[in-house]
Amino acid sequence: MRLAMIGLGRMGGNIARRLMLGNHEIVAFDRDDGAVAELVSEGATGADSLEDVVARLNTPRIFWVMLPAGGPTQDTVDRLIELAAPGDIIIDGGNSFYKDDITRAAAAREKQIHYVDVGTSGGVWGLDRGYCMMIGGDKETVDLLDPIFDTLAPGYGTIPRTPGRDTTDDRAERGYIHAGPNGAGHFVKMVHNGIEYGLMQAYAEGFDILKGKASEKLPAEERYDINLPDVAEVWRRGSVISSWLLDLCAIGLARDSMLEQFTGRVADSGEGRWTIDAAMEEAVPANVLTAALFARYRSRVDATFGDKLLSAMRFGFGGHVEMPQ
Amino acid sequence: MRLAMIGLGRMGGNIARRLMLGNHEIVAFDRDDGAVAELVSEGATGADSLEDVVARLNTPRIFWVMLPAGGPTQDTVDRLIELAAPGDIIIDGGNSFYKDDITRAAAAREKQIHYVDVGTSGGVWGLDRGYCMMIGGDKETVDLLDPIFDTLAPGYGTIPRTPGRDTTDDRAERGYIHAGPNGAGHFVKMVHNGIEYGLMQAYAEGFDILKGKASEKLPAEERYDINLPDVAEVWRRGSVISSWLLDLCAIGLARDSMLEQFTGRVADSGEGRWTIDAAMEEAVPANVLTAALFARYRSRVDATFGDKLLSAMRFGFGGHVEMPQ
Amino acid sequence: MRLAMIGLGRMGGNIARRLMLGNHEIVAFDRDDGAVAELVSEGATGADSLEDVVARLNTPRIFWVMLPAGGPTQDTVDRLIELAAPGDIIIDGGNSFYKDDITRAAAAREKQIHYVDVGTSGGVWGLDRGYCMMIGGDKETVDLLDPIFDTLAPGYGTIPRTPGRDTTDDRAERGYIHAGPNGAGHFVKMVHNGIEYGLMQAYAEGFDILKGKASEKLPAEERYDINLPDVAEVWRRGSVISSWLLDLCAIGLARDSMLEQFTGRVADSGEGRWTIDAAMEEAVPANVLTAALFARYRSRVDATFGDKLLSAMRFGFGGHVEMPQ
Amino acid sequence: MRLAMIGLGRMGGNIARRLMLGNHEIVAFDRDDGAVAELVSEGATGADSLEDVVARLNTPRIFWVMLPAGGPTQDTVDRLIELAAPGDIIIDGGNSFYKDDITRAAAAREKQIHYVDVGTSGGVWGLDRGYCMMIGGDKETVDLLDPIFDTLAPGYGTIPRTPGRDTTDDRAERGYIHAGPNGAGHFVKMVHNGIEYGLMQAYAEGFDILKGKASEKLPAEERYDINLPDVAEVWRRGSVISSWLLDLCAIGLARDSMLEQFTGRVADSGEGRWTIDAAMEEAVPANVLTAALFARYRSRVDATFGDKLLSAMRFGFGGHVEMPQ
């Protein structure tokens, strides 16, 4: 199929490449001319404005927007709704908040433009491994786009099939699902990221406990100096907790068992927080996912004001009133 | 009554003072001669060894041990069991682990010596306010010691009576209870401290959220620069969350609304951890008490190894493999 | 002063009463004619519609809206903005979300109407104890309303003064504060409720651990059958964790130590959740407040789907694949 | 090598089988004669008592104990220490608490008997996939047993190698490690299980949030009826959160998307709790692992006493004092 890729960053560029490898035609656009030129050199058609993008596509036009969530995506979608014709399709493949999808889809619908939200997992490995996609939108549009998703998805690969699955719809087994109406794609992707936070924190705490076992505060006979790279490696083999994230732990620890290049200040993106919001809207307890998010918040400050208040209270009942300093 | 106070630190010294104010006779002993001398100047009889303590009491002797939990208390109790005669009473008024009480009481019982564990709350304010006491031991011994507990306890004071209480035993209303057999006193005190951690952390998080509301990362119209000393103060008046710990918050914030004399590194003593152990033995979920304890652990390190591992994983799937530094 | 009380439920009715006791004049309105009649019998002027309320006040009119948050409050405020004249004042004394205050105040401002948000704590005890109030709005309006707040607040009472306070503004000591611009009043009240959840859960977990200590699964010598009403009572006396909420625990346990009239299904209102939202917006870790909220969610379901999924996984690696039932 | 397998349950039986497939000789013993007979039919030598086991091995004898942790393992190890000769080796391959290993190894050492603790992961899949093993003990003994571990381990298999590993010791890549001195093997396995709890709970909460998104309490346009088996399946393909546990989720959900055969009451074994104990001993915050454990505790009760106490407090400040029922 012929479609535009708007936003040629790490994700957008590689998605475009994988599509071209699958014989789709890409109209490439980015604010950065160099990114456009690079993709043109690999076979894409370049565009120098959204208007130009529109001109270089046939109806129904397909626009894949792959930009940072929030302002950049919103502005571009707004502009595309103005430029597009009835029947055209706007795909938001970024990390948008699913409620924004609902709003945007309604705005697009007023102009008979179709909107599809695609939560995309795979990171920099996606070009080779394929992208895991969770898709929201109306059935006809999602079906029409199937050749695109089929190309981007990992496919069956070497992953053993799950016993007992009903096989009338094998898209999930090939790496993509039609999750539901607008927003559902990003919603499922959002929960994916929420789970990701929880899984990561579980490994983090476990390795922290392993490392802490060498502490000189412990009795000598209960102290172990454990080889963490080896532990990560061995758990990849036949243990219950093998996973792709554990593979990444093993890679990181093999490179530097002390992880000294990292400060321990950990960023978070919106999905973790939105997942907790969703849990609260549904009244679902989500202690693990929340604790994982809060651990990142905590990692980014030296001391909290709350910690100081604890000390102030202890100071109050502990009897050092005379000596505030 | 006549009894020995062994350990004249901040707690032991004041307990002895409050007892003397109530016309009890104190035989005072401490490794620090100065502490003994000070108490002697206030009317106590000094002793210069445990043997001397024993000699200066009449049977049945009453020893109140008020020493740091662990080794100091254990060594002293062991020695007292050797020195004491059948019928004598050893009181551990410190912060011992309740399972140690069970062991010690059994050892004492073999020599027909009575053992009583007293969890004591009140801190430096106890001399004036009185001490809240939770007592474990056999009924006869606890009853025999009643004049001591009666003196130490706050008494009815001005605290409004709880409607609907059965009044045959009014000891709880006067500030002490016989919680059960040996260990029960320290067990109840331990849970008291576990709750204390949870309460403190609830205030800490709340004030942290109030303070964070001035952050420049928030939209200007949603930003408030809230007067924290005033908030603590107003909540003392008719709010649902008024408490003694809130009073201490108000005192601390009135002194310095930024709490700058505190580093934010918060200590913990054994009770918080033992409370979680008890919860796990009983299979009782205790998310709040545990989170409160862990917040203190976290406050004492700049970065956890786990945080660094999160970064290593993010680095792994985020595509910066080529640039570890 | 003369003002309207709109909404004569438990809170609104008593606030009106306390104001009349302080010689303010109340125009009383409620959908329920009986509630109006009752207040009229106590000295209020009745009104039978918002228009009637408007007619019965002098400019600048003061409307105190005391209705359920959300629709009822929003509809009434919207209507009052239509009916009011420049200079009039609308007070929302309910439990509104603070961001709604910001929106409403902006709408009112366009018509030169002043909007004041008042977070009110005190529950059914407020008529006697007074109400703790956290107020958001512009300084002139809040100052103008001072006689009202002064009457409603608890006043100094018998609560000991906090040492070290700067006394130029003693409103906090009398039980109310001007927390900041619009929304700040409800924001501070919201955090108050968030803290309240955390405090309550800390007590809940502690008493759960005390109760669980009688479990027959524990070794006999480590089992205690603890008198919970006595524990709650004794902790009210000189302990570190005394509080008004503990007083309520003591009342509840004195009435029935097994709490058998309660199912254990616990409701939550919006403030707990909004507090977590605020924490996430500020990137403040709030593990305790969140765990307290989630405990309530969990209390309202028999089993979570997540629990079942745990069993499904255990079933998967535990070797019972052949026997799903 | 020739060794005894003591305990022929699901784990012990299959370990023996995998060893025999690797041309080791097994002396098989179990209280259940049928289990012995079955293994004899597959080529093992049967024994009918521990004495008989001893008689049927050559020195240095190797005893692999594969029994439930606690009493059964302790009794057998105690008896083997009595029966064994200097130089013999006792392997505990079960789920013992690592501090018990330290004690037992010391007892064995007094008789010049070697003790080795092996944490074994792999469950019922181990016979085919191989067992992931974490080993504690002295180097000479662990080296001597290498042919056994080599046979049991999964080997390189098809798992991609971790880039950047130092390859002088490739045991971790073949599926087993010498973790350290006695206890270290079970300690690493214990943390493995702690992490397992955290990972499982992260998936559980995520799927709970997905499922809850169909709730009728949500606005219609924000409601999704998500196909959970498809989500689990698609996440197995190229997503960041693919793992063996996710494979198990997919299997379970494919079998029954409602998981109706499960009650939602989830058991836990000692490792989860011991992991939290270790975290507390090291002062390592472990909010996620703890929340995962507590979720299981909570799953096993209908209502907690703590929940009821929350209601009692709400009742206290909410104004229904007159109507306890």
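By written order: A, B, C and D. Residues from 1 in each chain.
Convention: a residue touches a chain if its C-beta (ideal position, glycine included) is under 8 Å from a C-beta of that chain, and two chains touch if they have at least 3 such contacts.
Chain by chain, the UniProt names read as follows: A, B, C, D = 6-phosphogluconate dehydrogenase.
This one's a predicted model, so the numbers in the text were calculated from it and none came from an experiment.
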item	value
Minimum number of chain-to-chain touching steps separating chain A from chain C	1
Graph distance between chain B and chain C, where chains that touch are linked	1
Which of A-D and A-B has more C-beta contact pairs	A-D
Reference chain C; chain at largest CA-centroid distance	D
Whole-Å gap between the CA centroids of chain B and chain D	38
Inter-centroid spacing, chain B versus chain A (mean Cα positions, whole Å)	47
Interchain centroid distance [CA atoms averaged], chain A/chain D, Å	31
Of all residues in chain D, the ones touching two or more other chains	123, 125, 201, 203, 205, 208, 212, 240, 245, 247, 251, 255, 283-287, 291, 294-295, 298, 304, 306, 317
Interface residues, chain D side, partner chain B - complex	240, 273, 276-277, 280, 283-287, 290-291, 293-295, 297-298, 300, 304, 306, 317
Residue ranges of chain C touching chain B (in the complex, touch as defined)	99, 102, 121-123, 125-126, 129-134, 153-154, 157-160, 162-166, 169, 171-177, 179-181, 183-184, 187-188, 191-199, 201-203, 205-206, 208-210, 212-213, 215, 217-218, 221-222, 224-227, 229-231, 233-247, 250-251, 254-255, 275, 278-279, 281-289, 291-292, 294-295
Touching residues (chain side chain C, partner chain D) in the complex	10, 123-125, 200-201, 203-205, 207-208, 211-212, 245, 247-249, 251-253, 255-256, 259, 261-267, 287, 291, 295-296, 298-299, 302-319, 321, 324-325
